[in-house]
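Have a look at the structure that comes next, please.
So that you can tell them apart, the chains are marked A, B, C and D in the order they are listed, and the count of residues begins at 1 in each.
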Amino acid sequence: MSSDRLSVQVGPLRLKNPVMPASGTFSPDLAEWIDFDQLGALVTKSVTWHPRAGNPGPRCIETPAGMLNAVGIQNKGVENFIIDQLPVYRRWKTPLVVSISGESPEGYARLAHRLTVPGVQTIEVNISCPNLEVGGWSPAMEADGTYRTIRAVREATDLPIWAKLTPNTGDMVSVARAAQEAGADALVVANTLIGMAIDPHTKRPKLGNVTGGLSGPAVKPIVLRMVYQIYPHVNIPIIGCGGISRADDVLEYLLAGARAVQVGTYNFVNPRGMTEIIRDLDEYVEREGLKSITEIVGQANKGRIFSASCSCSRSSES
Amino acid sequence: MSADLHQGRIVLNEWVGRRYKHMVVEAPDAVVAVPGQFFHLRLSSQWDPLLRRPMSIYGIDEDRGWVEFLYHVRGRGTALLAGLVPGDTLDLLGPLGRGFSLDSAWRGILLVGRGAGLATLAPLAEQAVQSGMDVFAILSARTPDRLVSVDRLHELGARVATVTDVEGTSEVHVVESMVREILHRESVDAVFTCGSRRLTKLMQRLADTHGIPGQVALEENMGCGLGMCYCCVKPFFREGRVYPLRVCREGPVFSLAEVIVDEL
Amino acid sequence: MSSDRLSVQVGPLRLKNPVMPASGTFSPDLAEWIDFDQLGALVTKSVTWHPRAGNPGPRCIETPAGMLNAVGIQNKGVENFIIDQLPVYRRWKTPLVVSISGESPEGYARLAHRLTVPGVQTIEVNISCPNLEVGGWSPAMEADGTYRTIRAVREATDLPIWAKLTPNTGDMVSVARAAQEAGADALVVANTLIGMAIDPHTKRPKLGNVTGGLSGPAVKPIVLRMVYQIYPHVNIPIIGCGGISRADDVLEYLLAGARAVQVGTYNFVNPRGMTEIIRDLDEYVEREGLKSITEIVGQANKGRIFSASCSCSRSSES
Amino acid sequence: MSADLHQGRIVLNEWVGRRYKHMVVEAPDAVVAVPGQFFHLRLSSQWDPLLRRPMSIYGIDEDRGWVEFLYHVRGRGTALLAGLVPGDTLDLLGPLGRGFSLDSAWRGILLVGRGAGLATLAPLAEQAVQSGMDVFAILSARTPDRLVSVDRLHELGARVATVTDVEGTSEVHVVESMVREILHRESVDAVFTCGSRRLTKLMQRLADTHGIPGQVALEENMGCGLGMCYCCVKPFFREGRVYPLRVCREGPVFSLAEVIVDEL
């Protein structure tokens, strides 16, 4: 992995390779297992202004080829993050992406402003967490809420900002466009799908929070479709996220139109997963004789009839 | 004592009663574990079941490079585990978490466990005996055939009492008087528990009354087992405040005093 | 299974038990494997006015704990259905539900009218097929399209009508309410989620139709959540459909609020699956000492704070 | 000949060359199959992999109650199949579909197959020999070690020619002249093919030119295998019109004349 044939440009940021962890599935604890300087970027768990204790347990439940989580963004708040955690992350040279979660556009803006400090390379705007409101509502479910939040963040910081979208909408394209228009430098597609599980014995929802977010291989076909769907409608990079567990999954996302990817749940199954995927991607690039992995970005869209195949929503076509 | 990914080889996987299995895995690099720690086991090379299953250490044989587990066959993960036969490989991640700690000054310890929790306490008994401590144990279960590891504790020279639901001997007030009796009569410097909310509550109270330290090994649904996902968090008292702590990382063994029993 | 403790009322229809096949995953061919008179209902593959050849292959691709299909409603048209297939279905005493798929509200109405013939007990209005338009758009993605289609069908037939909803929307509650207001007797929740898969070797989408519908155990957490979400907002029965493979899955759906269920993909894995599930449900009712399985319908909603937890969409709350 | 769900027991599962495995399954109630039919195999008791995998019959031993398969280890389904060892159970659904049909008046038949398609043709050769027919076979593969079932055909007394890509002998025009030669010289009343689009196209043309019937066993991704899902449909010529037919139900064996090769 000597050359930079795996490196990708995501907005103003140059990444060593397209593989990074997904927010909330990664922490410095993983440094016991892999070398963080081999990753494309580091992405923190979402940070809120005030400390949050998170949701009551159980916070996760396994489902077929997936899992539901309802952690509820447990974190010690932004001040603690800056004092205690930021110095830890600064041990590595890899760019740091800090994920933020607010309660209003102003709340997001305040967080982004506060986090515009040395050591933070990018702000990921988590407007899609399904575990803050019971039932799963999040701003990214509507183009309007997306626009207002990203716009507020855009005005509050000079750092690159990534908008993390939700798959819980029938209208991904409008939401993606709204994020772009509001000034996002990249789109992360996507957060988890709202789901639930019920215990037939107790007759109660299994998660303490009733509903939770579905992630893992089970959701890959859905999120991959969303990346493919959005790709022709935006000109900022897309970062694919959902169900990735192998280099082949990364290739699928890149072919659909993603410039980089995030690996979430699979880190729980195989803590060395991300570095194994990076190694396999490098082998792929070697085998295929590519100068750069970016050559394949969007290739599955070739010959696509854009107007017919791009959007789930009629309204975004008109 | 650093954790790693191991490819173990099943040496033995046999029924102990009708619901428990005793499994011995050859994994020479994994024998660096202490009682109370756990391994995170992967049960399929495919994506269903997806997540690993945590299992505490039932025994370690450093000479032969063996790690032992004793598990309750409950759902599909443990059913798959039960289907493994000698020679099969098993993917083990660990050892993980913070185990029990023994103070070499202690003369005797009391273990109070129930169900699968007995599996977690057994290797602690062994370690205590090796350190010259007296071990007392009260083992609780629904039925006598679910009283696992009684023989093992007997062999170690522990003094074991058993109580079961079907015999009507496992009620909390019965166990309470048994514990009081032991604490009164014997030199017990610490208590340990695992496997029951009711017994944890009881032991927290009694340890407090008697002014002796206690430890409890907890269970919670786990995502990663590595401290990253915050799925296994429960609230604990520490230094006069409530902290949400990770069972996989700050635990699974906690001081009895810091546990908020109603949140278990 | 002597008593009628498994029987359920779905609108004007009394079903022997709550288990029936899902449209498109069932045909008279299954009669070699199970006794159709043991099922709650029979549900046909969607019928269109004109014959349809369906989509180019491959039409299905396995995914983790699920499958993508893009069959494209291959069928010989409604006249052929009435002449050739209806007499076959009339061999069984079990109520027949005929699924229809049109191109406009009027098209649906015409089909419903034509199918208002002896032997047809219910019309299932498939307004949610993701395989007719490339990209997956369907009328049930919007409350408005749903209302207009169901209304047109309501006016065209006296038969009970079931509206089959799509999960590809951020606003299930509004769509469900629209279907109810338009006169649906029951809601089938839900059709498949739009997904896709890409072949890293050919670099092309794997399905002939590019995108397809995701079904199977992988989707159960999502669709179950939708049933739970809709339940307090409608007063017509909900029929749960998505990822059912065991009696426990049926119990989850009933506890969430479904009155009956449809089994799809699992018929492919185990052609005797539905009758095994019915047997296990009967054992459950016996073991729990229930007079009727309907006693558990909606039980998981107990103590629910309706206003906060019911809807994904803010707009439907106001 | 009615299909059923069978719990078979693996008798043998051995490598034949580097990519194929020969599997023998004891399933006494399943031996009612004819060549060209297939079984639909379930590879996990869990939900991943979810769907069954179709495999045509490589052999039937009615006396011993054995069904045989010969399969190419390609993706994860066949990898799981390859992991089975004698004594393991296997869930088989079948036999399914419409197999080859032999006309007792035929004196000789020609089989032209490639890759895993050879597995499908082998039991047909056996049946033909038993009915007193001469069997000629041209077997094609990428490399010589992928030429499966050559020995078996030899033993049956079939006259076998092999062609491979690495030897440069498998090109269509080479095979064409071999086929023409056989059809010219020998009493061949029908041709059969499986495993290659190019060869199917060739055989369709040659059978047509020579005015003899032909049959082809096709493959397509399958959902149910039972005729319900319409996932396996391809268009075919029948009675002057194009019909979409189900490979699992109206096939997998079709008359060569009705196949629309460009749609394969």
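Just so it is clear, a residue touches a chain if its C-beta (ideal position, glycine included) is under 8 Å from a C-beta of that chain, and two chains touch if they have at least 3 such contacts.
Composition by chain, UniProt nomenclature: A, C = Dihydroorotate dehydrogenase; B, D = Dihydroorotate dehydrogenase electron transfer subunit.
Quick caveat, the model's predicted, so the values are computed rather than measured.
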Next on the checklist: Starting from the defined contact criterion, work out which chains touch chain A (Dihydroorotate dehydrogenase) and chain B both, please.
Outcome noted: C, D
Checklist outcome for this item: For the pair chain B and chain D, the C-alpha centroid-to-centroid distance in angstrom is 55
Checklist entry - Which whole number of Å gives the spacing of the CA centres of chain A (Dihydroorotate dehydrogenase) and chain C (Dihydroorotate dehydrogenase)? => result 32
Checklist entry - What whole-Å value do you get for the distance between chain A (Dihydroorotate dehydrogenase) and chain D if each is reduced to the mean of its CA atoms? => result 46
Item to check | Junction residues of chain C (Dihydroorotate dehydrogenase), two or more chains touched | outcome: 64-66, 216-218
Checklist outcome for this item: Going by residue number, chain B touches two or more other chains at 46-49
Checklist outcome for this item: Among line, ring, star, complete and other, the chain touch graph is complete
Checklist entry - Once bound in the complex, which stretches of chain B touch chain C (Dihydroorotate dehydrogenase)? => result 46-48
Checklist outcome for this item: Counting only contacts in the complex, chain C (Dihydroorotate dehydrogenase) reaches chain D at residues 24-27, 29-30, 32-33, 45, 53-54, 57-62, 64-67, 69, 71, 74, 216-218, 245, 265, 267-272
Item to check | Contact set on chain D toward chain C (Dihydroorotate dehydrogenase) in their complex | outcome: 2-3, 5, 42, 47-52, 93, 220-235, 244, 249
Checklist entry - What residues of chain A (Dihydroorotate dehydrogenase) sit close enough to touch chain D in their complex? => result 64-65, 217
Checklist outcome for this item: The answer for chain A (Dihydroorotate dehydrogenase) against chain C (Dihydroorotate dehydrogenase) in the complex is residues 63-66, 68, 133-137, 141-142, 168-171, 193-198, 200, 203-205, 210-211, 214, 216-222, 224-225, 228-229, 243, 248, 251-252, 255-256, 296, 299-300, 302, 304-305, 308-314
